[in-house]
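One structure coming up, written as structure tokens, with questions to follow.
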Amino acid sequence: MPFDTPAAVVRHESLNRDHFLLTLESPSIARAARAGQFVMLQTRDGTDPLLRRPMSIFRVLPGRSGRFQILYKVVGRGTRYLAGQPVGARLATLGPLGNGFRLPPAGTRPVLVSGGIGIAIFPFLVETLAKTRRRAPVLVYGARTKGDLAALGFFRAQRVPVRLATEDGSVGVRGFVTRLLEPLLAAPEEAAQLELFVCGPTPMLQAVAALAARAGAPCQLALESQMPCGIGVCLGCVVRCPGDDQGPMFRRVCTEGPVFRATEVLL
Amino acid sequence: MPFDTPAAVVRHESLNRDHFLLTLESPSIARAARAGQFVMLQTRDGTDPLLRRPMSIFRVLPGRSGRFQILYKVVGRGTRYLAGQPVGARLATLGPLGNGFRLPPAGTRPVLVSGGIGIAIFPFLVETLAKTRRRAPVLVYGARTKGDLAALGFFRAQRVPVRLATEDGSVGVRGFVTRLLEPLLAAPEEAAQLELFVCGPTPMLQAVAALAARAGAPCQLALESQMPCGIGVCLGCVVRCPGDDQGPMFRRVCTEGPVFRATEVLL
Amino acid sequence: MKRSRGGATDLSVQLGPLRLKNPIVAASGTFGYGTEFLPYLKLADLGGFVTKGLSLLPRRGNAPPRTCETPSGMLNAIGLANVGVEAFLDEKLPALRGCGTAVIANVFGETREEYVAVARRLNGAPDLHAIELNLSCPNTEKGGIAFGVSPPVIREVVAAVRRAAPGLPLIVKLTPNITDIAVAGRAARDGGADMLSLVNTFLGMAVDLRARRPVLDNVVGGLSGPAIKPLALYMVQRVYREVGLPIMGMGGISGAEDALEFMVAGSAAVQVGTANFFDPTASVRMVRDIDAWCRREGIRAVRELTGTLQFPHGAPPAPCAG
Amino acid sequence: MKRSRGGATDLSVQLGPLRLKNPIVAASGTFGYGTEFLPYLKLADLGGFVTKGLSLLPRRGNAPPRTCETPSGMLNAIGLANVGVEAFLDEKLPALRGCGTAVIANVFGETREEYVAVARRLNGAPDLHAIELNLSCPNTEKGGIAFGVSPPVIREVVAAVRRAAPGLPLIVKLTPNITDIAVAGRAARDGGADMLSLVNTFLGMAVDLRARRPVLDNVVGGLSGPAIKPLALYMVQRVYREVGLPIMGMGGISGAEDALEFMVAGSAAVQVGTANFFDPTASVRMVRDIDAWCRREGIRAVRELTGTLQFPHGAPPAPCAG
């Protein structure tokens, strides 16, 4: 069950030029959250920008602190406002929202595939996989350039093997994450042992979903969408899905998603 | 000549719960400013609140620093935004604007009459009177309560005699500034030696102007008005003035004012 | 009007045949079918709510993108996606039994016959308190022009629905995309509307400069939110003075003061739309804040406020820009 | 369309008989008589500017309060205060000699005769480049209804002004307070307009809750600023596709991207209004930023952008709210 509550900023760190890690306190949200879910955060004082912003739950901090974290990148006015919030500020926060990731069967190896700020969704999943005694995941992480990579420390500390790709080659292989995925998925018998968990920009989701389909690997996609309400009432956030002879069907990313099986959606 | 320039915040002090003293750096504005003039300050990032806010020039700091100050009270969203601006921030600032006070003849005793945040206009006038070797002024200052009085330190340091009135009697006489003015203006021969300089809420301006008229004392009023542009083009800020058989005339507070002789306007 | 503190405010309002426990009603398309808000509020704390627009058959709506944020507002082109009137009666309405607030079904059609068929199906439904006709829908028989911009069409549709659903209070919801909304209001009155609601969204567009394409797949969308509040308030004031039916005003209402301004301008009740998105408890907080405001101001019954706007020079002069 | 860096962009635009050095024009009522902006910018850097609306005799305008801020917008009810056409010709226009930009006189009247008289007086004035007819003015002969909402009235006034000022390019400025603005655009075209400008302000109101009075002394005002941008953009797109005259679009334009979006939607040039208030150098900065944007995008001539909006499914479908 989601809650709408003013969450206090208890910590706020700048990770690099435009990435920030925000720690919020809201015991009800922290307790209810599952990996892959998100919150809607108020990011203004007046009426502009009007709508709240969806943000994945990066981690729920251990213990009874009732704290959870958001990793975000400043891309526009709402996130710029967020970056200006000091410790002690209270932000209206609605969550946890949406369906999280479905956990893989016990023997399956999870491959986390992240593009850019998509990385924000994975730490919570890594911790959840560990807690539920799933196989250890591997992370395949692409970004434009070295400076756009964030949260690597978390994955190292958790001993998650990380393979990097940057468009400018400043670290890891030069190019897109697909260059790293292709070899992983090349052997059909190995591919059948994997499940992909993907979050990133739409072209990346499309490319990865296509690779997974070819290899026969199950694949879950965490989608983004314009989300006016986050709770399923505006019908604004829909994604096109396979339909019937009357045309495509539409499903709400906020409530039926944000995580879908790749086969459920038409990107 | 006015300038439109990003002025840097070089100091920003909280005086009490809702009064702030802001020091901005803009040599061109500081050099051109005269007592009674104002600036239009940008007080938002996005598009809401839309318009800049007019603020009197509290003081131009001595020397060649190119710095001037604004004393403001937080009353709404624009001023709340202002209060959040750290040292180093740059605020689009347009000024100096409007006609300042006309200085009194050399022998006349200036009586400064302030209500509430109207006080912000007077320090610059006090310094200008001193520089131009006018007679030393006296300040009559009213506010709702003790906590709403600001900048008293400035007037004490300048040895300006200060008479206070508060509505709740928490300091000075209980009641409005008119209670302090009435005795001052009672003797006609003394009143003729005085000139009133008034800034405050409209009911106060009306009351003081009426007293001055009765006593035959010259009186200048610094008006407030909704000011979309501050530079005379929108025609939005007008005040009603004595007219002719076709009805009242209207004058722009931003360019023909903000200081008017009490006889020029119909409040 | 001042009174001593204490003593509850009478928040109830009466709009023709419809009595509401308070003047705050959640608007169509922004409140789902009601149950979606159960985690955040008690429905019984509201004056009422209006369902998403219902058509005869289920509709999937437009392709995405369906919404776009604009300065202090948003555009939507949902395409009237809804479960259809049968599923509403079978699944949605029963879930609302005993919810303690007025349930209002929003109705639309692409033809007059569809309006009538939906209304007839709803007539007599248990626990349904009123229907609201959305006239902003394109009339497929008239080349896609909205029903709500033609006075004779309005009169006809309203009269036909009136006959089809004689048992239900009839709210007619006006589109603001018209030269003089009072003309539409009079046509709805003449057709037999019990009350009016206004305004629906304003037609608008956003452009994706990089792609040289409209942002919305549907190209055109409806603007809602605080940006439109001054326009809606003007229209409510005008319809109040010109038509003489009870009004549910809306457009950008986000807090109690907005709601009270609409009441002063002539609304008997108000609807809250887009604010439900950025603040899911906005509606119930408004109820509380209106109560507190009335106590402070010494107003015993909130309905006293409706239409209390005083004009400085008698009636308003001819509107003129510049 | 990509080209190598360097090489100035051709910013000039042609609207029927009117050539502008760039597409940025300051809008009527927001730029005074031009000289007020000399401390902040060079008039020669603008494509042009439009004067405050001119009537036959000087007008003092409405009593204050005349303006009110709204979410991302503002209401104004200035009451068309202006110096009158004689003082404009004697004092204002001479001060603009050699200013290096197109000077456009905005004209209005309370009767058709007044429009004609002002236009006739302006015809042949030295250094005047065009006139713009403001049709949002109430027609005192028709009970105060705006000229711009009646197609036959539009046609007549435009034709009469066309005859009265044969020597000047004629811009007709449309009001958005109409069911279908394309109908008004066609009437203006049929009357002989060389080009259209749109939109003027939207009728709106604000309420002072405490006083139970309208905020504006005039009760009703015109809404402008970013809040109306999606509405204006939609209307420009519609008029572009339906009417076929060159368009100066406006409504909330505050930066180069806004201006470019209006061009993509069909504007040949754009006007900048309210932004001049909150940012007196907004207009000239837009010129610079448009130039930079064109360089980055490899666009040689900005006029190529006009009307390049691509519709995903051919023409836009019938507009529909919800």
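Per-chain numbering from 1; labels A, B, C and D assigned in written order.
As a working rule, contacts are C-beta pairs under 8 Å (C-beta built on N, C-alpha and C of every residue); 3 or more make two chains touch, one makes a residue touch a chain.
This structure is a prediction, so every number in the text was calculated from the model and none was measured.
Listed by label, the chains that touch subunit A and also subunit C are B, D. On a Cα centroid basis, the chain most remote from subunit A in this structure is B.
Our note on geometry: subunit A versus subunit B, Cα centroid distance of 53 Å, whole angstroms.
Annotation: 36 Å between the Cα-based centres of subunit B and subunit D.
Each chain gets a centre from the mean of its Cα atoms; for subunit C and subunit D, those two points are 33 Å apart. Computed from the mean C-alpha positions, the centre of subunit B lies at a distance of 46 Å from the centre of subunit C. Multi-chain contact residues of subunit B, defined as those touching 2 or more other chains: 46-49. Residue positions of subunit C touching 2 or more other chains, listed in rising order: 29, 71-73, 76, 78, 225-227.
Taken as a graph of touching chains, this assembly is fully connected, with contact between every pair of chains.
By the touch rule above, subunit C contacts subunit B in their complex via residues 71-72.
Of all residues in subunit B, only 1-4, 42, 46-52, 92, 94, 225-226, 228-229, 231-240, 243, 246-250 touch subunit D in the complex they form.
The touching residues of subunit C, counted against subunit D in their complex, run 28-29, 53, 70-73, 75-80, 108, 134, 136-138, 143-146, 149, 175, 177-179, 200-207, 209, 211-214, 217-223, 225-231, 233-234, 237, 252, 257, 260-261, 264-265, 308-312, 316-322. In the complex of the two chains, the subunit B residues touching subunit C come out as 46-48.
On the side of subunit D, the complex with subunit B involves touching residues 29-32, 36-37, 39-40, 52, 60-61, 63-74, 76, 78, 81, 225-227, 254, 274, 276-281.
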